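Letters A, B and C mark the chains as written, and numbering starts fresh at 1 in each.
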Amino acid sequence: MTDIAKGPAPAAAPTGSPMVRFDQVTKSYGAFVVLDQLELDVAAGEKVAIIGPSGSGKTTVLRMLMTLEPINGGVIWVDGEPLTSMRRNGALVPADARHLRRMRGKIGMVFQHFNLFPHMTALKNCMEAPCTVLGLSKAESEARGRELLVMVGLGDKLQHYPAQLSGGQQQRVAIARALAMRPKVMLFDEVTSALDPELVGEVLNVIRKLGAELDLTMLMVTHQMGFAKEFADRVCFFYGGKICEQGPPAKLFGSPENERTRQFLRAVLEAT
Amino acid sequence: MQLRSLTVCAIIAFAAGLIVASFAGFREFLPGLLQGALITVEITLGGCVLSVIAAVIAALAKMYGPWPIRWLAVVYIEIFRGTSALVQLFWLFFVLPRFGLTMEPLTVAILALGLNVGAYGAEVVRGAVAAVPRGQWEATIALNMNRAQALRRIILPQAVVAMIPPWGNLFIELLKATAIVSLITVADLAFRAQEMNATTYRTVEIFSIVLVIYLAMAMLITIGMRRLEGLAAKGLARGRSH
Amino acid sequence: MKFWDWPFTFEILPMLAWASLVTLEATILGFAIAAVLGLAFAIGRMFGPAWLSVPLAGFIEFIRSTPLLIQIFFLFFVFPEFGISLPAMTAGVMALGLHYATYCSEVYRAGLANIARGQWEACTALNLTAFHTFRDVIIPQAIPPIVPALGNYFVALFKDTPLLSAIAVLELMQTAKIIGSDNFRYTEPITIVGLIFLIFSLAAAGLIRLVEMRLNRRIRRA
């Protein structure tokens, strides 16, 4: 695959050290290579959309960043520190549980299938981790959960259980739940893929609002090309475990350079 | 048990009760037998509590323990599932004293039955925990919870609902198994029955009453576990997504 | 006194080996009854008329909910009352068979319930008699998937055979107890009995897993 272009340098070149850096990160299941020496820098506050056909490794990028998948090679840097390894006596060694937990504190994730806790109300879902992990008092975490649920437009659903909410509402609770941990980086893994079409908009609106109001670094895997085009600072097109092409949305969607990108965008356009 | 068969059971128990009540020996035997039944209840309750504790510890140790502890849990589960309850009871009763550990027969009974059923229960707990969707674990990692927090607050509360029906069956197995403690001189219901049978030879009457008492206790367990299941399911049904 | 006496162990091993044959005999006979009677229970309960299926359901629940030991005593002591003197072994095997028949009937029930409706309809369309429908079409399909579940009850029945010691059948447990009281040493005989049970159970469990894997492969191929 020599025709794969490395892609131009990111449009908004990161100043200083990036918030997230993938340094030659490789991930494989046995002989099957999911990600091949991935290089990706994300600046603080940058919003990166990841697109690509299924099986291209795009969800794996987020899952590795959340430490849900171990990596087979390379280093992931978050906020200037290695994620799954740590410095000891000048050498990088595999991270211990304490380091992992400190690093996870910088990252929040929203899942395709919400993964809300079914036995807790919307408010309790948002309070649980602040209480048990951050050690906040009940009153503090409740105030925080309440505020965030109001922000995602669910101020009237605090005491509802997930099953009593629509998919879009559940996903908004999940966003509030992740935000309650005050992460620096937010990961959105196909957050609208499991939703009925009429519910997609309300979730995207919440994400737009986060982009406007909060100073968050965001990585999102998405199939919503329109949203990626309008919202992201940069779009990365993944193909076969590599970044095939990346650039500002106007460039990537308007005049893609790579043949595979064109094919993919054409196919997506036909489908919608 | 289906609700239908539960009703059938109730009808049969009622009929059997009537037949039994018409026996001449009813008044004569019942008080003594009820005294034994009290011991049976005591062993059943003690055994149930012990079995749940043993099962949860063994299951968690097998799933998440460091290797020596995991190994210990596997050995416990395999030994108690692989040999028979009566052998375990006799072993604790006859062999433990040789190691300087002498216990009351009643304690031995509760210990043997609780550990025996606990070994089966460990697999129930393991299965129910494994059946909690992976996404729930991933959410706890994304929220930076540690494993103990995740288990205690998120995973186990969801697993408990799935555990209740199989635990109901295990409790009934435990109740039935209590009859063997009569063989190590504990004066439970079965023991009283044998005693009375040996002196009066009125087998049909005595054992009919005994069987009906056991049936009634089993039904109590079934009804209780159903209640519990209903309560727990209400807590989670609100939460079960679609 | 030593915790473990090896010469004594070797002295009693032949007796226990002999007794284990009795245990095995009781297991096999008991399970033969359970397998056949269980199928009859299942069919009666699922397809019998109400006057049969309802009391049968109650009877099955009754046997399942009450202790095997009491059932063994009942059969052992009750027959002489009617002038029939039954050897302990026979009474015990009957009780084991009856008790486990109720468990097996639930397994058969699940197996029968899993047969697709189309199979029944095809039998009706071909005008097969009920007997041939069961014998040639339904049961051959219903049995293989439930073999592992039946196997588990075979092992469970095996582990319940020590209860026969309560009516003095000379199986493993009873032999161990006699050895123990004759020599005032219970440690060796009871531990050996436990080990024999453990070895048999683990072997049987392995065998069942093997059958299960075979079956799964066959089902996946189909």
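In this section, a residue touches a chain if its C-beta (ideal position, glycine included) is under 8 Å from a C-beta of that chain, and two chains touch if they have at least 3 such contacts.
Remember, it's a predicted structure, so these values are computed and weren't measured experimentally.
A.B. asks: Name the chain whose C-alpha centroid is farthest from the C-alpha centroid of chain C.
C.D. replies: Looking at centroid distances, A is the chain farthest away.
A.B. asks: Please indicate the chain closest to the centre of the assembly, with centres calculated from CA atoms only.
C.D. replies: Of the chains present, the most centrally placed is B.
A.B. asks: How many Å are there between the centre of chain A and the centre of chain B, using C-alpha atoms for each centre?
C.D. replies: 47
A.B. asks: Between chain B and chain C, what is the separation of their C-alpha centroids in Å?
C.D. replies: Here chain B and chain C have centroids separated by 21 Å.
A.B. asks: Counting in whole Å, what is the centre-to-centre distance of chain A and chain C, each centre being its mean C-alpha position?
C.D. replies: Computed value for the inter-centroid distance: 56 Å.
A.B. asks: Which chain C residues sit where two or more other chains touch them?
C.D. replies: Chain C, residues with two or more chain partners: not present.
A.B. asks: Hey, which residues of chain A end up touching chain B in the complex?
C.D. replies: 66-68, 97, 101, 104-105, 107-109, 111, 113-120, 128-129, 132-133, 161-164, 170, 177-178, 181
A.B. asks: Show me the residue ranges of chain C that touch chain B in the complex, using the header's touch definition.
C.D. replies: 1, 3, 54-55, 57-62, 64-71, 73-74, 77-78, 81, 159-163, 165-166, 173, 176-177, 180, 186-187, 190-191, 193-194, 197-198, 201-202, 205
A.B. asks: In the complex of these two chains, what residues of chain B are touching chain A?
C.D. replies: Touching chain A: residues 133, 135-136, 138-139, 141-146, 149, 153-154, 157-158, 235-242 of chain B.
A.B. asks: Can you check the complex and tell me which residues of chain B touch chain C?
C.D. replies: Going by the criterion above, the answer is residues 1, 4-5, 8-9, 11-12, 78-79, 81-88, 90-91, 94-95, 98-99, 172, 175-180, 182-183, 190, 193-194, 197, 201, 203-204, 207, 210-211, 214-215, 218-219.
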